[in-house]
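Both complexes shown next keep subunit A, but they swap its partner, so subunit B is in the first and subunit C is in the second.
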Partner chain A sequence: MLKRGSKARFILITLLLLSPGLLTFFLLFFYPMMVTLTRSLRPEGEQIGWTLEHYVTFLAEPRAREVILLTFVLSIGAVLCSVLLSIPLGLALRQKLRAHRFYRLTMITPRVVPGLIGALGLLLLFGSRGWVNLFLIRFVPFVNEPISINYTIPGLILFYTWLYFPFIALTTLAALEGLDPAIEEAADVAGANRWQVLRHVVIPLITPAILAGSVLTFMAAFGAFSIPLIAGGNHRPLSVEIYRQIDFTPARWSAASARAMIMAVLQVIFLTIYMRVLRRPIT
Partner chain B sequence: MPDYMIELRDVTKRYGDLVANDNVTLQIRRGELMTLLGPSGCGKTTALRCITGHNIPDEGRVFIDGEDVTDVPTYKRELGMVFQSFALFPHMTVFGNVEFPLMIRRMNKAERREWVMDALRMIRMEEYEDHYPRQISGGQQQRVGLARALVYRPKVLLLDEPLSNLDAKLREEMRFEIRDLIDRLGITAVYVTHDQAEALALSDRVAVRNAGHIEQVGMPDEIYDLPQTRFVADFIGLSEFLAGTLSAVHTEERTATVAVDGLEIHVPATPEMAPGRKVLFFIRPNDIELLPASQESGINVFVGVVEKKTYLGDRSDYRVRVSEGLELRVQTDGKVRFEEGENVKVHLPIPHCRVIVE
Partner chain C sequence: MTLARKYLNAILRSRKLLIQTLLLCFALMIFTPFLMIVLRSVGRGWFGRLWLPPELTLDWYRWAVEVTNIVEITKNTLVIALLAVLMSTVIAIPTGWALGRRNIPGRELLMSILLLPRMIPPIAFALGVAQIFYRTDLINTHIGVALAHVSICAPFAILILSATFEALDERLLEASGVCGANPIRTFIHVVFPLILPGVLASMIFTFTTSYNEFTLTLMTYGKDTVTLPVRTYLAIGEGYWEVTSAMSILLIIPSIIVLFMIQRQVAPEKLVGGFKGV
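On to the complex of A and B.
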């Protein structure tokens, strides 16, 4: 009798402890998701009826493929650039060089500045009369007129990198600092020069951490909004495309929802493939 | 042909204010196993790292095989090294780990395979070639570490506390295995440890280190029987230290007498002895004989009472009070038994009595 009573209490307590999590899940994820899904299947402006037209019209547009491709190019480009930058930086910072704490702090600043403000600042910096172009024209031979960076795809990747670099840099640095120094010394004594140690030992060992860090960054960059909105010009990734539908009067909620669902599905597909790849042992 | 395989000449290495190696000179002969023995923080690892090139000495030169390598980067020094933490490459199989030095040296694949399998056979790990380091035991990992260090037949094998992360029983087994391998290959080896038993069992010669300098270099039995400083005597095995004064030197018997707390102890004489000098007398507890009270008196035989007895299995440890202010620690093998409070005689055999003139 006693045993049964205590078991019921155990279940009750478990439910109580789970409730904040479940509540958050239903209110903040499941409910909005279902609303968006339903909305995307309603005719525009209607509360009843079902239709696939928003999906069909969007996907039938040749622009749709461009938009999706651009979203991938921007987020993958930003992740790749960040990874490539973070490795030398991490290698330098783990030496605990003078003022390394200051550099560490500086590395995170892009996350402290709101993306909106940051984007405006970057536009000024890289504009045709910004410091970067003034510098290039003044000091680099054969550069006689401003290079257009703003409102181009490489420019956007640069801005994305500026915003998302801290995530990757922190994981890379943590991975590098987590390595047993003796392992690198072992490679060194065995005859490997610096480059060979890096290539055969350090990079393979930090790759899992970098991959884990980069998937999160990719997901964030995939949904990036303020930077492409302000600095994208005619290059509009999915997030801006969705926003544009709402910007019409009257707002096209159903069309926006359909695009949002497509974006969500793409992200899930990418994540699934990624998890598959990660599960394989790295050789 | 140079006389020494490795030579540290007046090497000084500082870390800020700390002098980890103070003007150290050390010569290691071709084909010998030299152990750097000392407590942690004595700079033995720093000295080893000067040989590998992971530390650059502030002053002095390092020679390997007669060549000044002080400014040669580590990867060109042709060394093999075994680490305390094993330091295997976790992303490579046992085969890959042992192959690594050969791969770096761009040996062709077929030949590589042959050399790696030879090395794996040498440590009886050939069946484990496909295993990853995390899948094998600590002892096996360290054997792979050895194979990786030896596979390309380096000039010198360096071992940095290689057995410290293994349990006691395995440590003893591996000790013999390492000694055996080194004998078979005839390679010069430098072995760093803080374990004196390991050092005595393994080495051709031992360099006992203390706080940045070398206290004594010698063969294991010299280090054990004829320590030249208090530190060495204290660090290698148990010792009872008693402060005393030389009271007489008997030239004919080649002995001297030391007055220690009212006792007159006879010791072997050495040239620098002169009456009146302050000395430090010491003897190892297991060299002292414990005799029944009925035993006749004689030279270096003193009357005492057993104050405390500790049974240690293969031997017994006694505290024997010999005079008002003097208690001696005595260790006997299990056959001799005395009880607490029993009257005994203590015999300090002259050859085992040592004196350091201060």
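On to the complex of A and C.
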């Protein structure tokens, strides 16, 4: 009898301890999501009635497919570029050469300064009068005119990569530093050259870490808002498309909410598939 | 042909140099954008194909200070960030304790539910938050903007703190009890020093998240709660790039000072959430 009483008390205390987190979740996430969902099903500017009109009109537009495709292209492009950058970077940083700590700090800088300021700097650097174009005109043959990088899709992928690669770089570096040196030595002793060791031993061993980091980069890039807002030009991924609906008066909250729901559902679906693929052992 | 091979071999042999060059290029890639902003903010008449501005001036800074109330904006940003840190920590300590120290059925599931706000694009629930805040008059208040930030700060604080509390060794607490310390003494002399780094890490993480948060602020700010990122956005929209650059430099200074102060306390990797389990 006494035992049951103390057990009930234990459960009660656990629930009490959990309640602030759960309350935050429901009040600041679940409830707003429900408000967004309800708003997206209401006729514009009204509090009653139900309609699917906003979903139908958006999805029927030919632009809708373009917008969704663009969002995916940008985020997957950013993930791929980040992986390509992170592996050599991790391998280089693993050696703990001079100024190791400085480079480690450099690696997280893009995540620490406000993203908008980073984007502003990138716009200045890659602009038609920026250093990159000056460099190309001066030193690369057959380039006489400034190349437009800002406001193009490759440019956007570059900006995304600059901003979101630290997630992958950090997990990759952590995995590389956690590798047992004996494994690589064994491969070396077995007669593998440096490239073979990298290709057949190191890369497979750090793949899980790279994939784990890529989930974070993907999520950040998919939901990216500030960068495409100021550096996107005519290329508008979903987040900017949503903001455009409420940016001017009269604000179209219902249309924006419908797009937001589509975006959230797409991301959840994609992440679920991604996680499924991740769980499968990589051979 | 042989000469080319000779050079190639020489380059390959000096691998250390090669790696150093690679790292230097990487650092250039990260830092030149900021250098460009600095140069733009002090240059005058920088047109055409010039590498450096022909004339230096501090006029843009004077403009920036005149046009924008830098002090007010910095104060807003810091107040909101501190409120967000405070609220997230108060929320995360009990919840993290329960998740880390108690046997809860379905703990993993609960954790992923609590982390859901980080999975959904913030703009999706920012729309809902804005509508709720308009109804409850929380728009354009410091506490309102901070509350909006808590929605994404708290999940990560919970994650970091539950990992910290889970790592606490039960035997240490028992040993302290055996040695005759009462629970309060145990907490002050054993538990507190052990969890302090984790709590600090979580606070720093929440601080930077809130300091840099743009989406949720843009949806809930008003003329009295303009923060650093929002002001930069507005300035970019106004189109005077020189003034915008000067403004960004002024606005970024506090964040650099804060970073410099904290990077000695905590491993900087923690700032990105590069801890295990994520």
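Some notes on this structure:
Assume the second predicted complex is superposed on the first by the 281 of 283 C-alpha atoms of A that agree within 3 Å, B and C clash if a C-alpha of one lies under 4 Å from a C-alpha of the other, contacts with A are read in each partner's own complex, and residues count from 1 in each chain.
Just so we're on the same page, a residue touches a chain if its C-beta (ideal position, glycine included) is under 8 Å from a C-beta of that chain, and two chains touch if they have at least 3 such contacts.
Just so you know, these numbers come straight off a predicted model, no measurement behind them.
Steric overlap between subunit B and subunit C is absent once the structures are superposed on subunit A; the two fit side by side. Once the two complexes are overlaid on the shared chain, A:Glu185 sits against subunit B while remaining clear of subunit C. By the touch criterion defined above, A:Ile147 lies against neither subunit B nor subunit C after alignment on the C-alpha atoms of chain A.
With both structures placed on the common chain, the touch criterion links A:Leu271 to subunit C but leaves subunit B unconnected. With both structures placed on the common chain, the touch criterion links A:Asn193 to subunit B but leaves subunit C unconnected. Taking subunit A as the reference, the larger set of touched residues comes from C, when subunit B and subunit C are compared. When the shared chain is aligned, no partner comes close enough to touch A:Leu59: not subunit B, not subunit C. With both structures placed on the common chain, the touch criterion links A:Leu80 to neither subunit B nor subunit C. Once the two complexes are laid on top of each other via chain A, the angle at subunit A between subunit B and subunit C, using C-alpha centres, comes to 80°, given in steps of 10.
Superposition on the common chain A brings subunit B within a closest Cα-Cα distance of 12 Å of subunit C. Shared interface residues of subunit A (contacting subunit B in one complex, subunit C in the other): none. By the touch criterion stated above, subunit A contacts subunit B in their complex at residues 180, 182-183, 185-193, 196, 200-201, 204-205, 282-283.
The residues of subunit C lying in touch with subunit A in their complex are 16, 19-20, 22-23, 26-27, 29-37, 40, 46-49, 51, 90-92, 94-99, 102, 104, 110, 113-114, 116-129, 131-132, 147-148, 150-151, 154-155, 158, 208, 211-212, 214-215, 218, 228-229, 232-233, 236-237, 241, 244-245, 248, 251-252, 255-256, 259, 263, 268-269, 271-274, 278. The part of subunit B that touches subunit A in the complex is made up of residues 52, 54, 73-81, 83-85, 87-91, 100-101, 103-105, 145, 148-149, 152, 158. The part of subunit A that touches subunit C in the complex is made up of residues 14, 16-25, 28-29, 31-36, 39, 88-89, 92-93, 95, 97-99, 102-118, 120-122, 124-125, 129-131, 134, 137, 162, 166-167, 170-171, 174, 212, 216, 219, 222-223, 225-226, 229-230, 238-239, 242-243, 246, 253, 256-257, 260-261, 263-264, 267-268, 271.
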